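Note that the chains are named A, B, C, D, E, F and G in the order they appear, and that numbering of residues resets to 1 at the start of each chain.
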Amino acid sequence: MMNEIAVMLFTPLIAGILAWIINVKGIRETIGVLGALVPFALLVKEYSTVVNNLYNPPTYQLTVSGFNITFKLGTLNWYFAAVASLVGVAMAFGMISTSRNSYDWLFAMMSYTGVLGVFLSWDFVSFFLLWELMTFASFMMVLKRNRHESLKYFVLSVIGAYAMLLAIALIYAKTGALNFDDIRHAMYLDAIMGGMSKSETILIFALFLTAFGVKAGAWPLHVWAPGAYSENDQSYTAFFSGALSKAGAYGFLLLYILMMVKLYYVMGPFHGHLTFAYIIAWIGAITVVVASFLAVLQEDIRKLFAYSSIGQVGYILLAFGVGTWMGFAGGLFHVLSHAVFKGLFWLVTAAIILQTGKTRFEDFGGLAEKMPITFAMSLIAVLSLAGIPPMAGFASKWLIYEAAIQAHMPLVAGAIFLGSALAFAYVVRFLYAVWFGQRPSDLEDVQEAPLPLLIGMAILAIPNVVFGVAPGLVTKYINKVLSYMLFLFGERKVDVSIVTGSYYKLVTPTGTYNALTVTLMLVVGLAIAGLIYIYGAKARRIPVTNTYQSGNPVTEDYNLSIRRNFYRPLAEALEFWLKYSFDRFYERLAGIAEDFADWLREGFYNGNVQAYSWYLAIVLLILALWGVL
Amino acid sequence: MNGQYASLLIALPLISAFFVPLIKGLGRKAVMGYLVLITAIQTGIAGWVFSEVYSTGKPIIVMAGGWKPPVGINLYIGHFAALFVLIVAIVSFFMAIFSYKAVTVEPIDKYAMLFLLLMLGATGMIATGDIFNLFVFMEITSITAYALTAYNKTGEAAEASMKYIVLGGIGSSFFLIGVALIYGATGTLNMGHIAQLAGTMNATAAQVGLALVIFGLAVEAELFPLNAWAPDAYQAAPHPITAMFSAFVVKAGLYAMARLIYILQNANGWSDILKLVIALATLTVVVAEFSALRQRDVKRMIAYSSISQVGMIAFALALGTQAGISAGVFHMVNHAIVKALLFLTVGYVGITLGGTKIENFAGLGKRMPLTALTLTIGSLAAVGIPLFNIFWSKVRILLAGVEAGYSWSVALILGASVVEAVYYLRLIHTMWFVGNGERIRENFAIGVIAIFLAALIVVIGIYPNDLWTLVQKAGQDIFNVANYISHVPLMGVGS
Amino acid sequence: MVSLLKRSLAIISILIIGYWLAQGLAGVPFGQDKMLVGHYYLQHVKEQTGAVNAVTAIVVNYRGFDTLGEVTVLFIASTGVGALLWRKKRERTAKTEGSVVLTTGVELLFPFIVMFGSYIFIHGHLTPGGGFPGGATIATAFLLLYMAFISYEIPHRLFENLEGIAGMSYVLVGLIGLAIGGYFLFDWIWQTWHWGTSNLGRLFSGGFIPVIYTIIGIKVGTELSGIVDNMLKEEVGE
Amino acid sequence: MSLPSISVYYFGAISLVLIGLYGVLVKKNLMKILISLSIMETGVNLLLISIGYVSGKSAPILSEGIGPAQAVDPIPQALVLTAIVIGVATTALALSTAMIIYEKYGTLNIEEIRRLRG
Amino acid sequence: MNALAALGEALVLIGTFFYFLSALGLIRMPDVYNRMQTSTKSATLGSLGVLVGTGLWAVGDGLSWAWFVKATVIAVFLLLTNPISAHALIRAAYKSGIPLWQGSVVDKYREHIEAKASPGAAESESTEEGGEE
Amino acid sequence: MEEASNVSRYLYTLIVLFLIWLALTASLDPQELTFGLILSAIVAAITYPIFTTRGLANLHPKRVTYAIAYVPYFLWAMIMANLDVAYRVLHPKKPIRPGVVHCKTVLKTNPGKLSLANSITLTPGTITLDVDGDDYFIHWIWVPDEVLSAKSEEEHVERASENITRPFEKFLKVIFG
Amino acid sequence: MIGIGVYLALIAIATLLSMYRFMVGPTTPDRLVAVDIMTTITTGLMVLFALYYRRMIFLDVALVYAILAFGGVIAFARYMEGGL
């Protein structure tokens, strides 16, 4: 049993290294896919063990550098790991088509191991180590393609890593523990005894917020994400955005598990909510709104989905921040749905870029005829993302919405609503601008996406539909996760059942969602629409360009169409807010740091030995004053 | 074999240095080969001493002249000294090989002598158990360092050496005043004896003496703002010597500082001094990292990086806890390996491509792939990337620092480490993603050393357990003063 | 203006530092007997080392390691100066010859000074002398030769070899101690051979002190002369 | 805060040290700085010697009627011998360095000897 | 206290007086050449007195004759070296271009140096002088 | 001025050095004597080539006698010189009339010239400024009228030499000549 | 016995005067002459101290000092004369 955790963890890494060393086309890809499949298969195999040993999960321990390292496969860990490996498998298939070098395989598989490791770790040493491995590998993926973006990602990651390290150090200093169980116990005791001061607790909280926030791409630490997601192999981005960024979300859950009581004792309640959770919820809400607005304004499909990803992870944070069981349930469900629909989106994007070489809206049009399967996949993704039943995305969003309403957080709920509206706005544009309308002449020869990529898409498309139609499959398992979490919070072995109902029907205290009914209605509706389309009056074909100018005269530089500057009026309306870019703020900060560095270097090490002697004299003087006074 | 034979650690480099004039007529190759041979033998002796100390678990006390301390001077080769003397010897051995390629400036016989004496000085500083003898070995080390800094005889080299001399001179003068005060207050110079008597010292004399001794050593240990000489000296010295400076010369100063701090822990004003060292060490890290950020000369950049790491070690050593010292020693070992590798590779690039400016490193991944790879491993390790050795010691230092209540220092150090990550990344990027060039045949011996060091970095990074166990013993050696005193065979003197 | 400010700051600083040092020194009052190990030396120096001069006994015997280091320091200086001032071709810098008064005076004084230098280092265990002042005295003799004659140069190879051999001899004497007595720098002449025990206070006593001082004297003499030689030469074109 | 009462020897020694330090801090000429360093060293040596002095006692050479009870502390004297030699060595090396600097820079003004900086 | 000691002490007194005189000359004389004239001689004789006097005094006080011998050795050394250093110093002063005191009446050395510096010119100059006579 | 044999020169140096040793140690302890002899032998071997040219001939009884006799003569001159100094220094008007005069010597050997120069330096009002071959240039604190009034160079040299070098030369000629 | 005070006083005055000349100069040879005189006086002083402490061994120190001082003065003189 124990070895299986190790095998599951390190197979991708070893496969990546082998692929890198062997580097023969075909073998490389085979090894990679096998390496991606093994953890998934093992996780599937372990499912029953995990579920049956809810309160005594499989554990794996070893000692490194005097630290005891623990891996655990609780229901929570299994859930995240399973989602990650599902996306990992899809990524591997996608990469067969999109990536043609061993470098990518090495680091993609390395980050796969890192992500799995983060989810399975049950102590801060292995957690941090694998966190760093994951960061490093993903950084290498960005570095290969864009230096500037990689630097941004690198710096923010390093800041996050060091913030986490400091937080871990503080916890270790106060509790002497690095194992999650030990920390949990110690923090629980500490909450009662009050050993750790208020400021220290808040500092730890803030540090973790920074560390996890960076990885999750939470506002205002999101600035690395658009570049890193878009300047990458898009198959890998499916994993990056779909699985890797979940590590940040997972970190927030960890925060609850490790120190909820302590944080509550220290920070207290705020209008009936946990203050610390409220902060998380708001970070999530702001992230949703900001990222969704920015996504709407993008002209590049990669950028669009990058911002969209940020916004969707914001939903998860928001859900976790609600701090109720319902919130957790919604957040956890959204982890899955976001992974599958955003993963799918990125694979679709990968296919589009692979086949057309273009990334900007203005260069697309009418691809639905050329890449029908890809189009179908993207339709599923669009529906899911936009939160249209009966896709997985709807189920999770619905749960989150319910949670926010239940928790009496109308503003947060408003953010969800606004986010959904904006999401609708940008996916509609994507749907139309890319797939419909006039096809630019240079896209006439576009072929359907290659098979491996299509397989990858299918791997992600199927759960979108299955878990959309039968969300109960997920919620049933999520109940087990919540039970485990409850056990972790309070050592109580009680089966939690937050979302009830059947496989096709979700029942919460405030509402019911019957996916089956909705599906049936949708099928009927689509059938009617199809009949109308086929037998209805033929519409006159008009050019899609120059049809929409928002009341402005048409000029060369004020030329709006669905393919170009479609949402420019919105941008103009938001002009005041867009001036404040954290991206630019950080760049300026970096500039100031560099200027400071030069000033310090030139000023202190000024080359004059007499000045240097003065430094010595000043230290002596300080010593003297210290002694004299 | 009799433990007294550990005195060969001192005797061998000395007699070998004195022998050089007699073989200088045989030419450059002979002298360089001789240098390699002697450092190899020294490594052997150090290895024997190391295994002796670690297998018996007891320090070797070398009593010069057969006099028991405090009447005679003793060497105290405990767990720390045994470990570090070995490191000194190994690094010297590697750098002797490197010198064969790297040092062409005449007079080579003088270079060999100074090289051996630099090794001797650091060995003595680490091994000695007498505070004035420490001063002597410190001067041997620093005067050799002055000479070697200026060895290239360029204006810059002389300038760097001059700065080193002036600052080192002030430092050693005040150190000696401190020694005089401590001697005046205790009547003895033996460290164990001083530790015994520290509590009975006159309070003001102890306070001033302690402060001055630490001040003097802090100059050698490159603590801000007493380290202004260091970047110049590192930059100007011949490449192998720079590696030695960073790998063990500064470590000897750090160790001496730590040793004296704990020896005098019963002295008046002790905790104040500790706080001051912590403050200076933190500033050292911050200032050095920022100074390295926009540095165009890679050798100088790594020099600043070295200073910052040294600041981190000083921070750990001054925490006043067992955990801190063990972490500090751990970092000393790791840093020695990493900086030896970095200066070796950077120096090799310098002599092969005509300089150590960042421009020289463009396209290095294509021109000298092995050098570039090992340099990359060293850089990643220096940044503290997990699975490389420095990560573990850095984590240990941070844990110990926060545990000792210096969270803000740790936060500052971490903040500065972000800067470090950036400039190393720039270097790595330049090597692999900027520029192009002809493939150059890389030197075999240097390649082997570089690979060995890089492998060591990775092996320790992946499996740090054994080293950690080892350095904990070494840390114990510094921290547990009662134990130290009990091992020094002090004879009763006085009425 | 800046200079004035700098001076004032310097003065204020050194006054404060001085005050602090004085405070510390007040803790070890002048003229008081602060000896601990010192008493031991004074009481046992004669029987344990055969030296009358306690300082010498400490320098060479009790704290021999320091002296070995001290010899090394001077060796480093000589080597370092040699390394730094090394040029392909060098000549003496002096342009005018000394008058006959100086040259003849130096010629006559030279043997006397060498003799006296030897006297100093050989009597180290009996008088305040020793290898270092003795060597310095001998080096002064060579310095005078340099001063008087513009083309004088020491025999370089001989001196360098002598320097090396002397240094090696010192270490060898120490190693013989290690072999015979089990300790590095062990005074085997006095403690194992008991040579000169009846001569306490006379020349042939003091164990290995006169031997080591002779070595040091030769070493210091050649080293300082070498330093002088290096300093008084400049590079000349080929 | 009262003025510490120290002997004139200590005072002289400290004064030399401080004069040396002053010189290093204000003199622009490298040679003067090196001389200042030497003055400092001299002061330190004097201080060392003074530490070992015992009122009314003689040099620790146990001849001419001086016994162990009549001698001053021999240790500082032994130390000073070493310290002096170290000082000489440092000075010799410093002078060589200064010679190279003068040769390469054509000046001994330390404000102009700063090619290495930053 | 015996005669020898008394003699010695007297010599010491005389010696120190000459020390004083030597330093006084150093102050009162107008230029470096004349300062050397007065101070060298007095300092040497003063040393002679102090050293030999001390030796005698010691012997008179019951210390060994070695005192006298050693003191005399030092005295002889000074007697030999002081004029040499005085000579070296005055030559250095002259060669480094320090002019004679304005009241000086003759400078044969300058003529000698100039004649040596340009042998031809010296030749013609001397013949010219000869011609005048 | 003929050079003596090496043996003679060596022996002479050895003897002088041993005498110096005796003076330095001021002891007749056999240990000192033994070592002194060995040391003298070694140092003499190194230094005799520059120490002497005439070797044992220096020890000719006549020379030794003159040398011994020269001591009181010279000491007397020196005491006179100092009284002269005392007069000039203490006199309120500082009676000086300095100048550099030119003398010649009959001495041929270097040791002779050295002794003469030193003797001049230590005696009344004169310091040897430079020696060039046979020419002595003397700084004189009170140049007498007779020298100043000399008509020719030869006369100047003659009168100056009469005053300055001659008194010593009669001894030194024998001792070093 | 007149007492050591008188000699010391005379020597002290002499040293101070020489020191004055050393400080004032005005030329470098002036200072050198002052140094020369001071070293000579110091040698005598050392011998006097030897007698005061009744330690003959100090006479050796005086001679070493005299030799080193002579070497130093000659070196400076030759330096003034036109370089070493």
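Methods note: a contact is a pair of C-beta atoms (placed from the backbone, for glycine too) under 8 Å apart; a residue touches a chain by one contact, two chains touch by 3 or more.
All values derive from a computational prediction rather than experimental measurement.
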Message = In terms of touching chains, how many steps apart are chain D and chain G, taking the shortest path?
response = 1
Ask   = Per-chain C-alpha centres versus the global one: which chain is nearest?
value = B
Ask   = Any idea whether A-D or E-F has more C-beta pairs in contact?
value = E-F
Inquiry  = Measuring between Cα centroids, what's the chain most distant from chain B?
reply    = F
Query = For chain D, which other chain has the most distant CA centre?
reply = A
Ask   = How many Å are there between the centre of chain B and the centre of chain F, using C-alpha atoms for each centre?
value = 61
Ask   = So what's the Cα centroid distance for chain B and chain D, whole Å?
value = 27
Centroid spacing, where centroids are CA-atom means, of chain E and chain G in whole angstrom = 14
Query = What are the residues of chain A that contact at least two other chains?
reply = 598, 601, 605, 609, 613, 617-618, 620, 623, 627-628
Key: Multi-chain contact sites of chain F, meaning residues that touch two or more partners   = 20, 24, 114, 117-118, 128, 130, 132
Query = For chain G, what residues touch not just one other chain but two or more?
reply = 54, 56-58, 60, 63, 67, 70, 74, 78, 81-82
Ask   = Any idea which chain D residues touch chain G in the complex?
value = 58-59, 61, 63-66
Request  = Give every residue of chain C touching chain B within the complex, in rising order.
outcome  = 20-21, 23-28, 34-41, 61-66, 68-70, 72-73, 75-77, 79-80, 82-84, 86, 160-161, 163-168, 171-172, 174-175, 177-178, 181-187, 191
Query = Inside the complex, what are the residues of chain C that reach chain A?
reply = 10, 13-14, 16-17, 19-21, 23-24
Ask   = Tell me, which parts of chain F touch chain C in their complex?
value = 13, 16-17, 20-21, 24-25, 29, 31-32, 35, 39-40, 43-44, 46-48, 50-51, 110-111, 113-114, 117-118, 128, 130-132
Remark   = The residues of chain G that touch chain E in their complex are 1-2, 6-7, 10-11, 13-18, 20-21, 27-30, 32-34, 36-37, 40-41, 43-44, 47-48, 50-51, 54, 56, 59-60, 62-63, 66-67, 70, 73-74, 76-82
